[in-house]
Every structure is written in structure tokens, then in C-alpha cells.
């Protein structure tokens, strides 16, 4: 039987570090997406003001497996 | 606190110009997506028939901020 | 009038071939997405165990046209 | 039956705008190529002299369908 | 002595499979181009209607050797 | 004799259009850089607020020729 | 504890199809490499003679897990 | 009114971590560049000697806004 | 008035050096193409037999200006 | 005299952080490869289960210098 | 202590060869930039007139180390 | 029957020219690798000290055919 996953892109920003941004982004995504299996860190960016770093930001490509119940219980497909 | 955004890709087509296609694509996306902050124009294409341009088409990567209310009020997460 | 499409990425896996993975991925996507017009095969991967291929996997970028009824009947926009 | 198209690259330059360069490039290509269906704008460049823009230039990848009459009536294949 | 080849791009579409599209594209190109030596499959795309695949399409970069007779017998150079 | 040019990257933003952003970016660069010969438009981005485009932004790679007077009269080299 | 894998690139060619080339390439690699887990198909090429396809060729990036016995029993590391 | 920024590339190296390299690179850049707004981490590299990491190195693309005073007070433009 | 150029790709091989391959490729192309203005060296490859280099090969993207006489005197357009 | 290095790719995974994955990957590679001089971090990935990160994984391109003793003492060349 | 370098891009053109263009570009850059350590040859281009090569041109990404004296003695930072 | 080749990456450096670096890199690789058929020059770099070029360096992707004797006589596979 075929197995289907979906790939979606989010951006997450933390005041402390890139790894905190990744952790927080995944925690937030996990509230609405079931079955997240992995994330590719596509970009690392820092935001700066008056010579100091104000936030550490990552772009994440998340992969999450779709269960087979179909549209009714899987509104997240789109 | 972390700030999370989502990145989604649309394609928009206009009979008049690339800039009209961009404006219309964002207007249409804004009907269902709250908090759009920017769009990167990933590709510019023209469609042609009998030697004349029939439409100007762009692919846009839209970034929109997610509010913190979670899944109930944010069905757009996926 | 402008015409808008959306582009989304899925990954599909089959035990028999890449072409079966593509067909199954599109069949599954078609259950929740109206108006799919095409798919670009972004990546071809095989999964292997004990020297034998266990699955053929593709990443697909699907393009589907959005109708103009707006958010109420088009929850799939995001 | 299979359908075959060919992809060729041109560069077009206008004194007024990118969109004029695209339109003129397609008009000129249409004099020798039958069946042009679309063009991807691969690059946008401006040429400058004494601080002023002298021309707007685009590189276009044109796709045009080949009819099935074969070499005699289709010298454009190469 | 130098040896010269030319590289040209075609797109071919089949109702049955990618491999049929490749075979048909090369057969068609061979009617007008002498000396084709190889083809790189640059892109794999499927076209879809009503949830079913209507065609399998490839973009091919063909390499073909030019003989040394020069322009008179080699109109294919351009 | 060798001829040397330098390539530098700027970003320019306009409230009206991409072409205005390009023109203004080059006008501003021309105040400090002598001998600008061309610009490649590397990226097109729009900034958005409340569903409306607030600015059209481009990234430009500028090429400008260095004259041969050397460091004293060419502080712009770096 | 950390887990280490190695990525190596091979090219495989078959007279019948791309999928046969992939299967044969992995079978051959499996004779010397323990623990192959997957392969990414980096390129698809066909070789052609007298207008007919003589072989179907793929470039594969193989990933295989290294066990922890170290250099003596793992000459394959390099 | 148009707003202009400049993008420049630096490389920074730290003995302790990538994030320290980023912080130090920005601190050093801030001594000569006014108005730095962000940095994209283009590459992550480690330097190694005798099997141990001797430094963590990043390549940063810095964006900084140019004020409108022109060449006299903005020698940093080039 | 618009100015149109065409971009075509050739591969050239020499027994002595890359620069000889480039020179010979351009000399050969010049027999059939009028108005060649430049060439970008897209790839450098060497062919090897028994541990010795047998040829130096380049892929060139040639740009040549099209004159305005149209199809009759410009069979080179395609 | 010429100096030769080899470039090989590994993937390393840690339960604690990307930097631990890098350090462990290099330590493990150093057991079989002499003369490692640097590593480029080609990709950053996190693996996730039940909404929590289970491992931090990097792909590393390692460069290591080959000494001149030849095949007998340098089995690592391939 | 952190070590900082800057990366800048130049283009250099010679009538004789690519290697002469590289040598001349570095010689010219060395007049204004202290501490150049290396150059990556990003592009190779030839300029052509009447079927003959008129110049060999390279684009170089130069890396040069910044000393720690700061803005007063390092006007080259920007 | 399938034909298998392997692709490996080396870097070679010469004090005189890029072409000498390529020749020397292949000569050195040929001491341990049987059946090298070609090399793609992936990167050209020059190393510089006190404004003068100290070495010309290339990165080469070597392709070499594997014979069918298997692991015992083909330790080079990995």
C-alpha cells in the first residue's frame, strides 16, 4: 500500500538561539499537524538592531505523514 | 517568546501585466489567509497564442504570521 | 480576471515502482484537493533493506486551481 | 500519440520596459517559429550609461510545439 | 582536431509512461537531427485531469555530434 | 591591457513599482559609484500590510568599471 | 550515542530501463557496502546510437550506516 | 520615496561555536557599518587539526540600510 | 527599437587544452552563425584513458545577435 | 609539487545538538581517515517523534589531505 | 579571539588568457585591498567579434582578512 | 548486463596552472583507482599571499568504471 506524506514550510524566530527557534517552531506546528517526522533547516537568519542580534530565525521544511481516514478527519491535507 | 510564520506558494495570472497578477494573487490570498507580510516572486512566465501574449503569470511564495490562538481559530496552519 | 492556483508538496511511496508512487500520491491528494492540474516530480528516492529495494518514493509539487467561491467553500486555500 | 515541443532561448532588449522587451522578443520569434506556447523569463537585466538606464533586457526560454509533418516542412527542429 | 557537438532541448509527452515519452521524443528528434548521442532527462512532469494522469512528460537535453562538412550540408547547426 | 570591474549588491524599494525601485536604486548608487554599466535583478519581493502591497523591492547586482588611477582616487574599490 | 552514515555516489547503466539500472546498481554496491539504507536518484540519462536508446543510466547517491567496530573491520569508511 | 540597502559578505571564525562566530562577526562589522538590519548565514564550516575542531566558521550576508546623506557622509556605499 | 539575440549551447573538445577547445568551438560555430558576441563556459570536463588525459572538453553557451531581415535571410533563428 | 586532497561525505546524528553531531562525526571519521582539514556542513535536519526532536543530524563534506606514500599505505584513496 | 574576513566580487578581462585575467585582477585588487588570501573563479566568459575571441573574462570572489585596527585604519571594510 | 561506475571527488593544487593541477590530480588518482574515464572540473580556486598567486587549485569529480570481480579484487568500491 502506498504511504503519503506532506511537506510544508514554516519560519520560526527565537530571542535566544537557532536551536530554540527550531524547537519552538516544531512545538507550535505540532499543535495542528499530526505525524511530523522530520524537518530540514532550509535557512538560518539573524535579525539585528543597533549592532546587536535581536532574534535567531530559521526556515523549516516539515514532513508529516497523512493517515488514511481521508478528507473528513484530515482537513490538514491542503 | 517565539514567533511563527508560514510560507505557502501560489500562482497568479493576469491578462494585463505581471504586477497586476501579483496584486490580484495577493488580494485573493488575503481572503483566506490572515497576516500576509510579504511575497517573493519566484518565477515570471507568459502564456502565448498565435504569437500574442494571452496572460502574464507569476509564482509567489507568501509569508504570513500565525497568531497564537492555536488550532481552533487557526485552521489555516496546515 | 485573474486566475489563481496553489502549489503544494507531497511525498508518496510505493512498493512497486516510481510510477505507481506518482499515481497513488495523486489519487490520495485528489480526495481532498479539487482541481489538480499537474505535478512536477522533484525527487526520486529508493529505500533499501538488506540490499533489496523496499519502496520507491517521489516528492511531487502539485498545482491545483482555486475556484472563486472564496473562503467558505474553499478551506483548502492555506 | 506523443506530442513534442522544443525549447529555445532568446534575449530581447527594449528602451522602455521589461514588458516591452518580452513582447518584442516574442513578436520577433513568432516570425520564424510556429506554435509558440509560452515563455519563462529566466533573467532580468538593465544596461546603464552615465547613471541612466539605456535598455531593459530579458532572457526568455520559449516553448513551441512541433507539428508532425517532419523535416521537410519543419526546418526549425534543430 | 577538435570535435564539436550541439545541445538542444525538447519536451515530449506520452499517454503511457515517462519511458515511452523519452523513446518517442528521441525518435521524433532523430528525423531531423543526425548523430544524437545522448539525452539528459532534465524534468519529469505529469498532467492531470479529474484526478487522473492524462500524460507523462519529460524535458530532454539532447547532445548530437556535428559532422565537418560545414554549413551547406549542416543546416542543423543553428 | 586588463580591464577590471567590480560587482556589488544593493536592495531598493519603491512604493509604486519594481521598475521604479530599479531606477531609484541605480540613481542612488550612481551618487557614489562611477562607471556603473549594468545591473542584474536577482530577486523581486513585495512587502504587504493588511492585504495591500506597501512596497515593491528588488535586489540588484551592479557592475561598475574601475578606472586605473589606483587607490588614491578610487576609494570605492573595497 | 551518535550514529554515523556515509554517502557515496555511483552510476549504473542498464539496457532495459531506469528501474533496472537502479536495482542493478544497488545489487552491485551491496556486494561491498554493508548497511545501505537508501539512494537518491540524482540524474537520469539515456545513451543513444543510430536513433535508438542503447542504455538507460542513473547516478545514485547511496547512504549506508557505519557500524562502530572502527577501521579494522570497516575498511569501507573512506 | 525609495529606500536603499546594501548587501555585503563577510566570513567570521570562532574557537567556541557557530553562534559565537556570528555574534563576533556582527560586532566587528558594526564598527564600520551603520544600520545593519540582518544577516543570512550562507555557509557553516569547521576547521580541523589532528582530529579536533579548531574553529567554527560562518559566511554571512549582511544587509544594512543606507541613509540619504549621500557620498560625503556615506563613504561606505561601495 | 528592440534588439534580439539568441543563445545556443555547443560542446567542443580539443586534444591540447581547454582554451584550444573554446577557440575551435567558436571557429566552427562561426561558419554557420552570424553575429556571435560572447560565450559563457558552462562546464569544463577532461576525458581520460589509461590514466592520461585524451581530450579537454567545454560546454559553451553562445550568444549571437539576430539581424532584422526576418526568416528568409535568417534561417538560423530556430 | 602538486598537493592532493580527497573530499568525502558523511552524515552524523546526535541526541543533543547539531554541534555535538558535527563533533562526533569528525571524531568517528578521524579513526579511519588521516589528515582531515575541514568540513562543510551541507545540511541540517532534525528527526521528530510525537512532537519532540529525537535527533539533530548534519551532512558533512570532509576534506582530508593525501600523503604521497601511494596505494600501499593509502588504502583510503578510493 | 574571532577572525574576520571579507568577500568581494570583481570581474577581470585579458586579451590573452583566463589565467592572465585572474593574475591581472588580483594584481589590481591588491593595490587597494590588504590581506587577500584567495579567489574563487565563479565564471569564465569569452567576448567575441567577427568570429574571433577579443577577450577572456573571469568573475572572481576574493577573500581578504580584516586586521583589528577598526574603521580608522580599515576604510576598506564596507 | 548492467555497467557500474563510481564517482569520487578530489582536490588538486599546482604552483603553475589549473591544467597542471588537473593533470597531477589525475596522475595521483590513477595510482589507486583503475578505470578512470573522465573528470568534471567542479571548482577553480587560486590561493594568494602578499598579492601573488601561490597555487592554482581545482576540485575534480572523477568517474571510474568498476570491474565485476567484486569486493576481493575491488577494495576501491567504497
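The chains carry the letters A, B, C, D, E, F, G, H, I, J, K and L, assigned in the order they are written, with residues numbered from 1 in each.
One rule holds for everything that comes next: a contact is a pair of C-beta atoms (placed from the backbone, for glycine too) under 8 Å apart; a residue touches a chain by one contact, two chains touch by 3 or more.
A quick map from chain label to UniProt name: A, B, C, D, E, F, G, H, I, J, K, L = Dodecin domain-containing protein.
Given the structure is predicted, the values throughout are model-derived calculations rather than measurements.
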| item | value |
| --- | --- |
| Shortest chain-hopping distance from chain I out to chain L | 1 |
| Whole-Å gap between the CA centroids of chain A and chain L | 40 |
| Separation of chain D from chain K, taking each centre as the mean of its C-alpha atoms, in whole Å | 34 |
| Separation of chain I from chain K, taking each centre as the mean of its C-alpha atoms, in whole Å | 27 |
| Approximate Å spacing (C-alpha centroids) for the pair chain A, chain I | 46 |
| Interface hub residues of chain A, defined as touching at least two other chains | 6, 8, 44, 75, 77-78 |
| Complete list of chain pairs which touch one another | A-B, A-C, A-H, A-J, B-C, B-D, B-F, C-E, C-G, D-E, D-F, D-I, E-G, E-I, F-H, F-K, G-J, G-L, H-J, H-K, I-K, I-L, J-L, K-L |
| Complex interface listing, chain E residues touching chain D | 6, 8-15, 20-21, 24-25, 28-29, 31-33, 55, 59, 75-78 |
| Complex contacts: residues of chain K adjacent to chain L | 19, 22-23, 26-27, 30, 36-41, 44 |
| Touching residues (chain side chain D, partner chain F) in the complex | 17-18, 43-49, 51, 53, 56 |
| Of all residues in chain K, those that touch chain H in their complex | 1-8, 63, 66, 70-71, 74-75, 77-78 |
